[in-house]
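The two complexes that follow have subunit A in common; it is paired with subunit B in the first and with subunit C in the second.
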Partner chain A sequence: MKYYFKALALNLKSELEYRTSFIFSFISQIIIFFSYYFVILSLFTKFSNIKGFTLYEVLLCFSIVQFGYSFNEVFARGLDKFDNLIIQGGFDRLLLRPKNIIIQVLYNESDFVKTSRLFHALIILVVAITHLNIKWNIIKIICLLLMMLSAIIIFFSIFLLAASYCFITVQGLEVRNVFTDGGKHMAQYPIGIFSKGFIYFFTFIIPYAFVNYYPLLYILGKSNKTIYAFSPLLLFIYLIPCLIIFYLGVKRYGSVGS
Partner chain B sequence: MSFIEVRQISKTFKLAKKKSGLKEAFKSFFKREYKYIEAVSDISFSIEKGEIIGYIGPNGAGKSTTIKILSGILNPDRGECIIDGMTPWKDRKKFVKKIGVVFGQRSQLWWDIPTEDTFLLLKDIYDITDDDYQRNKKDLIERLNLEDIINIPVRQLSLGQRMRCEIAASLLHNPEILFLDEPTIGLDAVSKQLVRDFIKRLNKEKQTTIILTSHDTSDITALAKRIILIGKGKVLYDGNLRVLKSKYDTEKNISIKTKEKLVIKSKGIKTKKKTREGYDLVIDTNEISISELLNKISKKITIEDIDIENNSIDNLIVKLYEDYKI
Partner chain C sequence: MKAYLTYFKLKFITGLQYRAAALAGISTQFFFGFVYIMVYFAFYKSGSGTLPMDMSSLTSYIWLNQAFYALITHFYKDNEIYNMIKTGNISYELIRPKNIFYMWYFKILGQRYSNVLLRSIPIIVVTILLPEPYNLSLPISFNAFILSIISLIIGSLLIIALSTLYPIITLLTMNEKGVVNIFVVIADLLSGIIVPIPFFPPILRKISIFLPFQYISDLPFRIYVGNINIHDGLIGLGIQFIWLFIIILIGYKLMNYNLKRVVVQGG
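So, the complex of A and B:
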């Protein structure tokens, strides 16, 4: 893994070469991020709660999902930009190196400007927690950490799936944004506020519900089923087929080429 | 068994047919038609350790496909390929440690940072020990004259400088086989010479097996004794470059500058053309030697100036292509 971190350091060094651009992008990220935040705030000036979720409860969910997404944007950016790698032939180069192919894809690009969002997400997480009256115990703390971890894993899995799609065709890539970007925007709210169909879709097809709904219910004391606290662990199982699909894609690439 | 053994590899690609016209586009939206392109078919050759092979052929002949198969990126539909006891596409991680690949048109260096940083990353990727790394780096810097450019961001380097860095980067781990895909594309004469000399020396001193593809035939003449010519996915010629030359390179173009009128008939003179300044002759050296011809001419007229054009290997290859109808 040493080479992964070294490569990230090189990416950071590359980005810092363009100092002004880096600073401005960093600041613009703050503005973008808080515009999301203000959308939620303005919603709650009209309604005191949405289907039983108060402002800070929603913000808790929002910050965790933003955290998971931004984490991937910083540390797994190469997956998000995988189509470039295929189109420009960089993937061949990675196959010529004696290391794990997924890790090489991850570091192939990174976007350290997005660390800005990572910090904002953590700030809002702290704000939300301090405003909520949660009776913390060890399980709830574990549950919170699991939520954060699973938020990372779910977006990682979805990025993997979207990247796998590029092995088949690099056309119509907008489709993937429905699941990545679109999914993120949905998942910022507790899935429970949506209609039943959505809940089922986001429980079984893309299991956002195990990231931001069931464990959230447990932390907020809306449910005391302990199993909900550990439901984020299911994401590890979800990750497995996503990895398999990606490796199948790599195999296909070997026989079909680009 | 040879160091590199390629037996009857074939590879077919499936491509969606694209027809022009809106109607056709609409049709193909619902029903895709595919065409199959045989990129390489039944290619076989073997290469010994320490050889330099010039792998040549026109665009689309299957050169890159072969290189991709040999380097483990692609797996063929049929046939086998064994390099140093391994099948490239099966033992990928183990195999690629033994090879270095330079793509002339694609960089492996980090664009915005100095080459040395990329070297440090490659050190970890190839698990090169500190000692080996220091030794190889020093060696490469010396031979490729990188001292002054290794600490400059790659984007500020000239093409020639960058190519030298590329080559160094692909040799840090001391590979036994080096694939060079158009290594001198776009370089000036000085850089070309430097790169060629380096490759020659590398092959001589370290016994590195080198497979070189290039459209610049002077590269091939300068480096490779043996060439493999490929066209339409098939091996057309595999053998010594000199033998090929003596077989095909028998025509010479001779331009004579003179004010007088030249009447000459002799076997071996294939064409004679009057130009503004004199005459252009094409002769076949199998039938008439140059000295013989000049002798004859100088008896008849005064030659002001003469220009003998060696039929370049480019023409030779064009002729080969014509011969094989590719």
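So, the complex of A and C:
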């Protein structure tokens, strides 16, 4: 882990060398992020609620999901760009080193401009919480932290699966954007608002519902089942097969030459 | 003129080769379309107050946006042109005895038309055949249909004029990420791709009247679904022409201004 942070610090240093470019990109990321919740803001000027969820309740859900996604964009960028690593043969180089392979992949690349989104998401989270009348207790605080943690884990798992897929196809498939970018886009609304088929798919195949819906119901007091508060823990179980698949991929990886 | 059309043809044919990329684009567009529609459904079901668009025209509006996304979005980067600027290969472009603004314009035109041709037809065919609440409905009338096609063509010429403007600005700032990126996001927002213009907060709606962005895709699609009537549509068409003229003029002048002071550093 020590190497991981050291490599991240180096990455940050090299990014900051291009200072103007960094600052401009940082600002443009703020505006891009704004366009994400612009939809929510402008629709709530016409409607008062969406299936019982009010503006700040939706923003709470939105900010947690965006937080998890941007966290991965900053700290696990290498996984997102895994196809480059395979195509250019850089993965062979990593395999030679006597360190954990996943951690090496993670710090292979990073994108600190995206910290802009991370902070932005946290600000919205705070704004949403201060506007909501939540009766906080210890379980609810744990639940909120679990939601944030599980948001990180779910996107990490999906990135991991997409990366494992590169072992077979060599090229990264653009279709995975449906599950990463599209999934993020969908999960910024409480999943209960969608139609049945969608809910089933995103509960049992890719378990977004345990990140942004059941625990949200508990925090908002729409449900009293304490079990909902701990449902994000299921994501840890979801992570296990994803890790196994990735390691299976590494085992049968036979380099692409070059 | 013939030389420019050749540029168009060249790019158009090359663009048609990227069918796998188009397939990926189509699946993303379908997913986003469904998500948007379901979100609006949920809002409408719990809804109250006066609504600027009924659900079936809104559904059609969303599908049209998704089908023509590759044509109407500002998030489009002609990497070839940007690379030319970065590497200095632009000097080869400069020695050609043709106007560089029109050269770029027709290159981007060919590229974007081929992109949208591959993506829009499958999306339109499938969405027309979808079951009731999710489908793309037929145009409100024959006249509206013809008018919306004309307006979409002018709108596409307008967006391509804007897309040609971005690399020209890059020539000025030498930084493709900064100003241009910020501009692109705001333009996309105001052109109604993310939220249809009738749903904008009132202040933003007033601002967008004075900007060219709603005349790219919002006007033709709202004519198609009948949210704008024929009479207003014809007026809109006139404004489209004016904006097209203004943007091309700005691009042309800015390019000439740039070329006077462009410095190619070796290469």
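As a convention for this text, the second predicted complex is superposed on the first by the 250 of 258 C-alpha atoms of A that agree within 3 Å, B and C clash if a C-alpha of one lies under 4 Å from a C-alpha of the other, contacts with A are read in each partner's own complex, and residues count from 1 in each chain.
Definition applied: a contact is a pair of C-beta atoms (placed from the backbone, for glycine too) under 8 Å apart; a residue touches a chain by one contact, two chains touch by 3 or more.
Computed from a prediction, not measured in an experiment: that's the story for all the values here.
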item: Subunit B versus subunit C as contact partner of A:K6, first or second or both or neither; value: first
item: Touched partner set for A:N177, first subunit B, second subunit C, both or neither; value: second
item: Contacts of A:S28 with subunit B and subunit C, given as first, second, both or neither; value: second
item: Contacts of A:N133 with subunit B and subunit C, given as first, second, both or neither; value: neither
item: Which superposed partner A:P98 touches (first subunit B, second subunit C, both, neither); value: first
item: Which superposed partner A:Y189 touches (first subunit B, second subunit C, both, neither); value: second
item: Which partner, subunit B or subunit C, touches more subunit A residues; value: C
item: Common ground on subunit A, meaning residues reached by subunit C in one complex and by subunit B in the other; value: none
item: In the complex with subunit B, residue positions of subunit A that touch it; value: 2-3, 6-7, 10, 13-14, 17-18, 88-90, 92-93, 95-99, 254-257
item: Of subunit A, residues touching subunit C in the complex; value: 20-21, 24-25, 27-28, 31-32, 35, 38-39, 41-43, 45-52, 173-175, 177-178, 181-182, 185-186, 189, 193-195, 198
item: Footprint of subunit A on subunit C - complex, ascending; value: 21, 24-25, 27-28, 31-32, 34-35, 38-43, 45-49, 51-52, 175, 177-179, 181-182, 185-186, 188-189, 194-195, 199-201, 204
item: Complex interface listing, subunit B residues touching subunit A; value: 13-14, 65, 68, 71-75, 77, 89, 92-94, 96-97, 99, 101, 103, 106, 108, 110-113, 117-118, 120-121, 124-127, 153
